[in-house]
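Multiple structures follow.
In the two complexes below, chain A is the common chain; its partner is chain B in one and chain C in the other.
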Partner chain A sequence: MELFLQQVFNGIMFGSTYAIVALGLTLVMGILHIPNFAHGHLYMLGGYITYFFITSLGLGYWPSLLLSIIVLGILGVIMEAIVYRPLHDQPHINAFIAAVGALLVLEAMAEVIWGPQGLRIPNPYPHTFQFLGIIMSVQRLLVIIGAVVLIVLLHLFLKKTLTGTTIEAVAQNREGAMLNGINVNRVSALTFFISSGTAAVAASFISPIFVISPAMGAIIGMKAFIIVILGGMGSIPGAIIGGYFLGLIESLGGGYVSAAYKDVIAFGALIVIFSFKPTGLFGKKEG
Partner chain B sequence: MLRLEQVNTHIGGLHIIQDVSLNIEKGEFVALLGSNGAGKTTLFRTIAGVLKPRAGTITFNGVDLLRLPVHKIVEAGLVLCPQGRQLYPELTVYKNLLLGAFPIRGDKKRIQKNLERVYAFFPILQERTNQLAGTFSGGEQQMLAIGRALMGEPRMLLLDEPSMGLAPMIVKQIGEVISDINREMDTTVFLSEQNANMALNITDRGYVLESGRCGLEGPCEQLKKDEKVRKAYIGA
Partner chain C sequence: MITKPIHTKLLYGFILLAALLLPLYAPDPYMFQVIIMSLIFAIAVLAMNLIIGFTGQASLAHAAFFGFGAYGVAIMTKAGISFWLALPAAASISALLGLVIGPPALRTRGSYFAIVTLAFGVIVWIVAGNWVQVTGGHNGIFGIPRPTPIPIPFLGEIEFFEQTAQYYLVLAFLLLTLFIMHRLVYSVFGLTFMAIRNNEPLADAVGINTFTTKLIAFVTANFFAGLAGGLYVAIIGAVSPSVASHMLTFNFLIFLILGGMATLTGPVVGAFAIPILMEWLQELGHFRMLFFGVLLIVTIIYFPRGLVGGIRQLNQKIADWRQTKS
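Our next item is the complex of A and B:
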């Protein structure tokens, strides 16, 4: 029982990270109608930027997190403007190729600046305690609670503010939005800012528990991409539930079978789901 | 108010709009007639800035529209209610209308006033204010599209085939509302229609578009008598 609870706790923690990363990916996918393959690499860079502010500039954890959101958000806006916007009217394959190019550039950049080896962000809250026989740390709880807060804030922004509504409007009908006087380029830039900024939050929350490395972008990017397809393209609830789902499968599979097989179990489960429900769990008809 | 001179629009390699010139004054109610494929939608999309013409000039109150992106043209007061309606299917009626008021965002009083006016034109929108637009019938969607276009207080409204695919009863109702918009709200209206009968009965004058060229123009009374118009668009 204790093993089970421990694995559920860890699964929710990983799921929180996956949910936020997938959420950012699905927001951009809704606007651009193409997947930003470089999203996982933005996440990776978010971890490094936080690392830079903490270890190189000696700032505290929270100021570094805030600066990381801003810097990565701006980087996302720049990426949208120079990589994706010029290709908007071109065949989708061009944007795919550009995205792959962008992720290679980001990974190489991180490797040149910080080296290929793993680095550790000093853990601001290393204190651990036991609860119901589960070993928890404050930082791990921060990952979980932070994700919930972020999801709620994002939901309120999208549903209750006019600016947030314009994101949904552009996703649902780009031309209709233009004809309502909405500057769709500005909305795209804003969406990229939010998407990249949330990736920076996810990376900065969980990185102090593990290590950061230039290669971590590729694996989480792939997972986020699969979660988004699993949850139904462009579906926000789908990305959130899919994220927690993947975290739990990985963690339970890793705990009961073997940690070495956790990715095999997680991806295997996804393949099984797709063979029964090809549109994803919350797939829309046109998806 | 709106002036087009020798406008030429291409889509892909096709020369769709050919040397079209026209002029609409403030307060007028003008029809754009033409059969399916004549280029009505392309002409409207060109005026609204969605498509940029290869040659010609378009000015609105003296402002060169070719220099402006679509959202600036909307801010200048020229609003297109597009073919196919282009609503936000997964947003409520209320949010669709609210986004129509984007050019006057922040001005709560004006938005509320416009909302009441739209609800007066189309009471069904008020009854279904929290329903998702995508669940509406064609006629209701068209009412919502017109209502949304009015929310931003256009000085000139382009309506692209509002009667398309709708039952005659609904077409009549929508025709009456468009007349009211022109008369009561002092909005200049440019109405594109395949349904010449409806259009010629409510507008003051019309242009006839044939294969991308502006073949004929004149007051509605005169167009109604024209042998070619009768044969092609009225069927009498």
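Our next item is the complex of A and C:
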């Protein structure tokens, strides 16, 4: 029972990370129809930027987190402007190839600056305690609670503020939004800022617990893609539920079936589901 | 008569001659090895070009099929089977696995197809790294025999221990692949590939069975990817999971895009020039990938047909300009 609860706890923690990363990706995919395959690499870089502010500049954990959001957000905006905007009218496959180029650049950047080996962000809250037989640490709880707070804040922003509703308007109907005087390019930039900023938060929350490495972006990026496709392009609840679901399945599968093959679960599930529903679980047509 | 500054047939004849005589002027054994490898990659990239460049389906499982061929030949030749039997067998296994994964994957379109194939590629990579009994796990398989010597009556036999023999072996397979691709792409059937790339609903409407056509392109591409993988291990003599990893797929993609998608020369130029360029840029370390990543983005935005496409455009423009002048 204790093992089971421990796996569930870890699953929720991983799920929190997946949910935030997938949330950022679904915003970009569903709203701008951009297959930002480099999203996982932005996440990876977010961890490194936080690491840089903490260890190289000696700032505290929270100011570093905040700066990391801003820096990565700006990087996302730049990426949208140089990489994706020129390809807006081109076939989809071209944007995808450009995304592969972008992820190679981001990964090489991290390797050039910080080296290929794993690094660890000093843990701000290393205190551990036992609850119901589960070993928890304050940082692990922070991952879970932080994710919930972030999701609620993002929901309020998208639904309750004027700026947030322009994002939804573009998602629903690009031309219609333009006719109503919404600057679509500004909305694209804003969406990329939020998407990259949230990736930085996710990476900064979990990086004090696990090592960060330049190669970690690829796998989490693919998983986020899978969550987004299965949860429905642009669907925020889909991304959140899908994220927690994948986290739990992986944690339980890794604990009870095989740790080496736990990554296969997500990718295998994708192929199986696509064989039955080629447009994803909540079958919208792809953009 | 010749208005274009570059006359294609003359150029190809010259390149073929240069390729046949290459062992005479290869700079050093190391560079020679790089050249042999790049010819093997050219076969794999030509195959990738068939599915991505001509048919417009971004299959990102290409290295996985390269890996099937590689592991196939490695396991079979280690078990004592002749290389000449193992190579076609491994390529056929690769094609067969393409036939299995193709039908579910090809029901999806656009970036969904890219993701499904990538997911499949990652699974193959993880399995290759963990299925120790068959693949040797992360260490891979060592001591794979070189291609079995070919006996020639009265003259002895051709052995493949020397780089020169290996080079001609690989070159022969590359020319064979080029020949088959040429026949395929410029046939009526080849036109249906391009019809699907340009407008799939329209292709469907004029009576092309788009699903079967895509499947044939996919399976053919995987056959040649497997063939390239099989040649690769027989020359290198070892195999590890990295031959099936998505990083190799991305490398192939760089060769393809920079060389020139949807041309037959582009993949060969890309696969030949870029590994050599990468060797030259060796001391740049990780900066290399930074450079190639940027190059990939710039190329896809401004020259979607790559180097070969760009040169062709320029060639045509100069020809037009000369024509109007005369």
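Methods note: the second predicted complex is superposed on the first by the 264 of 287 C-alpha atoms of A that agree within 3 Å, B and C clash if a C-alpha of one lies under 4 Å from a C-alpha of the other, contacts with A are read in each partner's own complex, and residues count from 1 in each chain.
As a convention for this text, a residue touches a chain if its C-beta (ideal position, glycine included) is under 8 Å from a C-beta of that chain, and two chains touch if they have at least 3 such contacts.
All figures in this text were calculated on a predicted structure; none of them were measured in a lab.
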| field | Greater chain A contact set [chain C / chain B] | value | C
| Does chain B (first) or chain C (second) touch A:278, or do both, or does neither? | second
| task | Give one of first, second, both or neither to describe whether A:168 is in contact with chain B, with chain C, with both, or with none. | result | first
| request: With the two complexes superposed on chain A, say which partner A:126 touches: chain B (first), chain C (second), both, or neither. | output: neither
| message | Output check: A:100 vs chain B and chain C. Expected answer is one of first, second, both, neither. What do you get? | response | second
| request: Please work out whether A:179 is in contact with chain B alone, chain C alone, both, or neither, and reply first, second, both or neither. | output: first
| Is A:112 touching the first partner chain B, the second partner chain C, both, or neither of them? | second
| query | With the two structures laid over each other on chain A, which partner does A:222 touch: chain B (first), chain C (second), both, or neither? | reply | second
| task | Tell me which partner A:63 touches in the superposition: chain B (first), chain C (second), both or neither. | result | neither
| field | Sites on chain A touched by chain B in the complex | value | 162, 165-166, 168-169, 172-173, 175-184
| field | Complex contacts: residues of chain B adjacent to chain A | value | 48, 50, 69-71, 74-75, 79-82, 85-91, 95, 98-100, 102-103, 105, 148, 152
| message | Can you tell me which positions in chain A touch chain C when the two form their complex? | response | 35, 82-83, 86-87, 90-94, 96-98, 100-109, 111-112, 116, 218-219, 222, 225-226, 229, 260-261, 263-264, 266-268, 270-271, 274-275, 278-280, 286
| field | Of chain C, residues touching chain A in the complex | value | 52, 56, 58, 101, 103-105, 107-112, 114-116, 118-120, 122-123, 126-127, 130, 246, 250, 253-254, 257, 285-290, 292-297, 300-301, 304
